[in-house]
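By written order: A, B, C, D, E and F. Residues from 1 in each chain.
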């Protein structure tokens, strides 16, 4: 489905390649693999919002890869690079992820082609409510059908706007609040949701280190304790993963890669202090007690790495 | 949105080019032209149907170009060449057509990528009901929202299946039958619908010949009476246009172009007889009292021409 | 479906016998005649109403013979003899009647096993609302699905109660009033509804006398003018038929059969005066200027006859 | 309500006789016993399905005995002997059963007059979906109103078809899956449902043997351990009851009566082996290590007996 | 219900006094007059809108005097003097007005306590949408229940906002546009609506002058031709009444009273010119060819008068 | 909003005064305090019921103070003194109460101006169902929106009627029973609900006596054990509070004030015996072993007091 063949497969192609590799091991009836592979439905919507004296047209998507279980789940991201191919590929990954861990959901994903930093909060609210209106009208946000969550460029705030928009359009739906997850706690969200994805990274690593053969196969040894870990992106996921791994598992976060470069310290970085530093200065540069490099960090050392593709620049290996 | 620039603009590009030419003459507020131009929403759906012992996956579309008036209107076509670009461009034309004649509808269009001749009737019913189910679920077929009609590859039969499918999913909707137009008369359709589009071609020509300056500007003269007309495609539209123009306006249908070639007769073809001939022999070849050529007909003579892009082969001018 | 074979077929059997005679003339696909013949659905409901200090249990029915066109139409009758067989047979007749005159409705019928004269008005309202509640809950009274009308033992009053009950249960349905026909004019009914069925009897006779061959085939001659007509039952239908036939077509109503016997006068009865007499005295006995007989009237003379099975005793021919 | 009085009361009569005996002990207000006794509503539906080139008409029922608690519960059975009387009597038993154990449900029951063995799976799916469509349309299958379960001739498979049909007609109902119980586990069913009814037989017997006075009153003594038990029908219920009673309570299953006769062994039959034998050979005949008789088994010996009326031939006592 | 007795009855009291006078002439069952008199329901709503950096709280009302016919009709006014008593009294007048002319509607009225001139258009839209949201949520604006219209301080623009708000909350309601009357023509409004109320004043006067006894009883004579008429308020109603009466009936508009005083001319004012003058100068002062007085006009002369209470200052008779 | 300023503030004024005192301590954005303070919505309904041969008109209210959390909660009271001001003030208290204890509900309250003792049970049922109908129609009784509870003059019985009325109007709502709390246990109510409010009084006092500084600040000392308590009104709340405090906490109920006066005994009253005495004799007078006074009891002694404003006469302190 990609426009042209290239030496490096597109994101969507690589998802399909992995899928094909997996189904080749199964004995499926004719036509079923193709049916599972394709994205069941994608809704492309273009809407106008009156902003700063003119009408601005936005393009958004909501893809449903498979509704074999309902509701389907998957985040809504706000980014300039959002496109139909990416949204459909991400929706497919949601189907596979849920199926692998037996979470009773189908896979979905949504996105809005926008730079969220280019707008003020009240403008983002207006844009988000309008986007949500279009999806709610088609039951593509709906407690029993399709339940989004935060993703790149969106968070609790956007989920609260969406939930409120749903309630305004479905004033008597007793399950209205269930139309999105990742809401603020005082709007019906649940405790622990914010740190959940980072916690998941920690749990996956803990599980990994319970299996000696896997550890060996990866060329590693020992336990998480004292392991050196490089974190690429100290956003919500990276921050919590780094925090829990260092505070609870004894790992050393020896480097953190961010938008403006990378900082490293072989004995481990103080994650709380670094988080505060980034919030105050806007970057990792000059973080006390750490080496700074504006370029790729991969030469610094080896270790387990978490990559947040939305927060870091392209870091080609040296 | 077209994949690559080319000397000959794509269908969609040419629709947008015409649109841009028109709005350039207006003094619209900033951003409004862009907002009008884009297709508001497109739903791409891929569904599986169990046919002949295997699961066959189909891809269909329903585009809503503008819902400034509701319901939106536009046919559903069945053809192998259906794609998102074409469906969106056709939906835009529906908006502009309705607006020009002040019909209180927005523009829409749908399509299913299928060769309808490759399936038996009961299979087409199964496929059509499944496609309709997907669109009805999203209110993309709905009496107050979006009302399809027959188009290339679909007709009364498909509309009856769709209307029945809607009724099964909305058993108490008093307006259920209004979810499609072009139904058979005994299923709530209206008299005259079958010949309506051909009748429209006749009316447009009659109107044209009421305006001397337009006639002159087109390098023509006189009236429809005895005018030589070439009809490209003797499907539903072409047949009725040819029939009414010859029977009621005295025009001569001097040539008819069909899939297997063209037949011509400078004094005029007997349309009823030709229609019967095509039904019985499958083509125009050997139609008594007419010259036959398997290639382009454009050298035969000049005249007004109606083109049915779905029924004729590519006829490059000589 | 009748419990035992008898020399005289039951009402339902005779409906089926006539149906079988008709379909034998058609060339239907296998199984279709059977499918058309059977009553598609019958809802039997038994409900309790607290009346005069005790709970009284009533049994009612709503049969849908064929919903090939919706809504289905058919009266609701209140009588002690109501049973499932009769209701289903009457529903079948509604299907056939509507189809014959191309009225776009399927056939239905309902009934409540009750002697309406045994209850006061406020009790009948309570019973009717409860019966209606049960049918409305199942969409067996519904503007787009199933639209009852008055029948034996019910009239405008009961229709008004039913319409009000529907509205209370569907407070925002814009078509609520359309859930029954035969409502009082000030509740959304239409002018002319009361006399419509009697008018229909007149129209049918007028039409008959426009066809000489039919007149001859029936062993009759001439026109309606001065024809002697016996009316069996001077209820709503019989009264209006007699009134219109005598006042507008010059026919003589030479006899009227009612619950307490029959009155006759070879030069014609004054229908208005007789109607008033029945209302005041409770029967036809002693109606001035007419012969009275408490038994069958069929020896009195011949003529066209209208039978109202609900208002007359069994009148075996002499 | 039975057509004729007979020395042996019909199934429905015997249900009513037991009911009358029970209410005679209560001091109910006038009319209430009658109101409780009658079946509140019965829906009879006749529908056509195009099968093997012809239209086949089927008759089905859904009876609601009492909706004093909602939803009402009760299985849907597929058998040639299904009729309105039986379905209503079974619905009454559901009301009484639920009330006795304080399960918060009213009583219902449904049935389709069909020999399920006469159709292939895809035909049964078509028939089941059509039957379900008719009941769903009337809210006679509905999560909050009326929730069927498997019964004779139906099982997990049919429940999955019904649930899917409900979801297709109510695409946004968050409780859609709750419209039937007894679904497959991977379609929202629960663990333990398959063996639940057999487990219930075991629990009832265990409870019985906890009450010495009841044991004595039944002319029995001791415990379940080593008790000889004859099982009539080794279907889902009989098999699990026999399995649990022998494996967990030490009872001896000394005889099993099936369609083709009965097998017995005074020291106890191996239930798992017998189950396998029936699956492989189609009957109990020639089961190793057991005596076989094609007729009634009741002379074999005494003991507690479980009767599955749907799986066994009429076994008159010798 | 008025807070204190006073020599001059309140508006609501005077409505009730007139009602009581009328029902005293009828022989109503006990309690019915009281039931008719009271306002069936009044919804008071207070909502906040974020405007100019702070939350501003507004109070609005929608009163339903009688829903004996549905929908109920009645305008929504925007004025600082709006209060529950006035809204309920105006709703009562709507019931009586509709009943008198046999318009099949019950009576309603709404109001928002606001000075519409104190807000910009985008603020008024925000406020109106929020007010409409509150009423729509309660079906107090609904095509089949309650259909507002423009009133003092509101017009086509507000109706368009309300209709759009309704549609956003009821995206699939085929009757959505029918939730208000008085919409702009290009939003589903009807031709002639703007001038309808002024036209009604003209029609009433025309009718009056067709009845000699009424003319005499009023101490008048002759026809509308050349009659001197004073118009109090040249808003939408006053302007159209004045225009039609002068242009079509030959009446002289000898004086017009407006906010800033009154202008008069015994031979008649040019209404179109005066309308333009007011639009350009903001008042009637200095209108060429007319006498001006800043105070009451009632000494100027006698004649028929139309009063628009919303547009004129209190004009005590001299 | 109070009709006139007075030295003693009205109930509503005092609620607002307390509110103002509290918000003065907060730093709220401009306008927010006002927005929180006002009652968001009040529905006043006047309906007629045919009782004892005439139409009786009743006035009821349902006020929603704040729907920042939904559903909103608050009782429905039946009393002659019910009025809009009181209902709105009580609704405000519900908002504040729920917020203080973090119960996720907004505040609401309803009332019907009626003396419930003046009607028989079947009349109260008729009135209650009609009142409920009006509120349900507006979603002012609704499982997800607004959930009433018993209050002065209403109890389990009225809640059962309301729940049944809701179910009749929303026959397929799976959450129908959740439209009111305080239902009888056999209609979906919960155990412990009846005594819950009295239990709450006990819990509050127990909590108070766990905080020495609060005890001292109130001029008290010690524990609940042997404390003398006067209970004003031995209705549902007072009875259970008195019962639990005396039975479980060792407190002495030294006096009980009821409609007909007060009884006292310094060593403590037997609450169970007194409850029975009131039920049998209609008052506290002549209760054995207690002093009786028809007037105020406040001179009897000091102690903690529970006041039930609905059950006691005005007891001015001496």
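By definition in this document, a contact is a pair of C-beta atoms (placed from the backbone, for glycine too) under 8 Å apart; a residue touches a chain by one contact, two chains touch by 3 or more.
Worth saying up front: this structure is predicted, and the values here are computed from it rather than measured.
Chemist: Chains in contact with chain C and with chain D: which ones?
Modeler: Chains in contact with chain C as well as chain D: B, F.
Chemist: Between copies chain E and chain F, what's the superposition rotation on C-alpha atoms, in steps of 5 degrees?
Modeler: 180
Chemist: If every chain is reduced to the average of its C-alpha atoms, which one ends up farthest from chain C?
Modeler: It is A whose centre lies farthest from that of chain C.
Chemist: Among the chains, which is located farthest from chain F on the basis of C-alpha centroids?
Modeler: B
Chemist: Cα centroid separation between chain D and chain F, in whole Å?
Modeler: 50
Chemist: Taking each chain's centre as its mean C-alpha position, how far apart are chain A and chain B in Å?
Modeler: Centres of chain A and chain B (C-alpha means) sit 44 Å apart.
Chemist: How far is the middle of chain D from the middle of chain E, if each middle is the mean of its Cα atoms, in Å?
Modeler: 69
Chemist: Residue numbers in chain F touching 2 or more other chains?
Modeler: Counting only residues that touch two or more other chains, chain F contributes 137, 139, 171.
Chemist: Draw the chains as dots and join the ones that touch; what shape do you get: line, ring, star, complete or other?
Modeler: Contact pattern: none of line, ring, star or complete.
Chemist: Going by the touch definition at the top, which pairs of chains touch each other?
Modeler: Per the contact definition above, the touching pairs are A-B, A-D, A-E, A-F, B-C, B-D, B-E, C-D, C-E, C-F, D-F, E-F.
Chemist: Within their complex, state which residues of chain E touch chain C.
Modeler: Of all residues in chain E, those touching chain C are 139, 142-145, 175, 178.
Chemist: Using the touch rule from the top, collect the residues of chain C that touch chain D in their complex.
Modeler: Spelled out, the residues of chain C in touch with chain D are 3, 29-32, 34-35, 38-48, 53-57, 59, 134, 137-140.
Chemist: Provide the residue numbers of chain F that touch chain C in the complex, in ascending order.
Modeler: 133, 137, 168-169, 171
Chemist: In their shared complex, at which residues does chain E touch chain B?
Modeler: 171-174, 176
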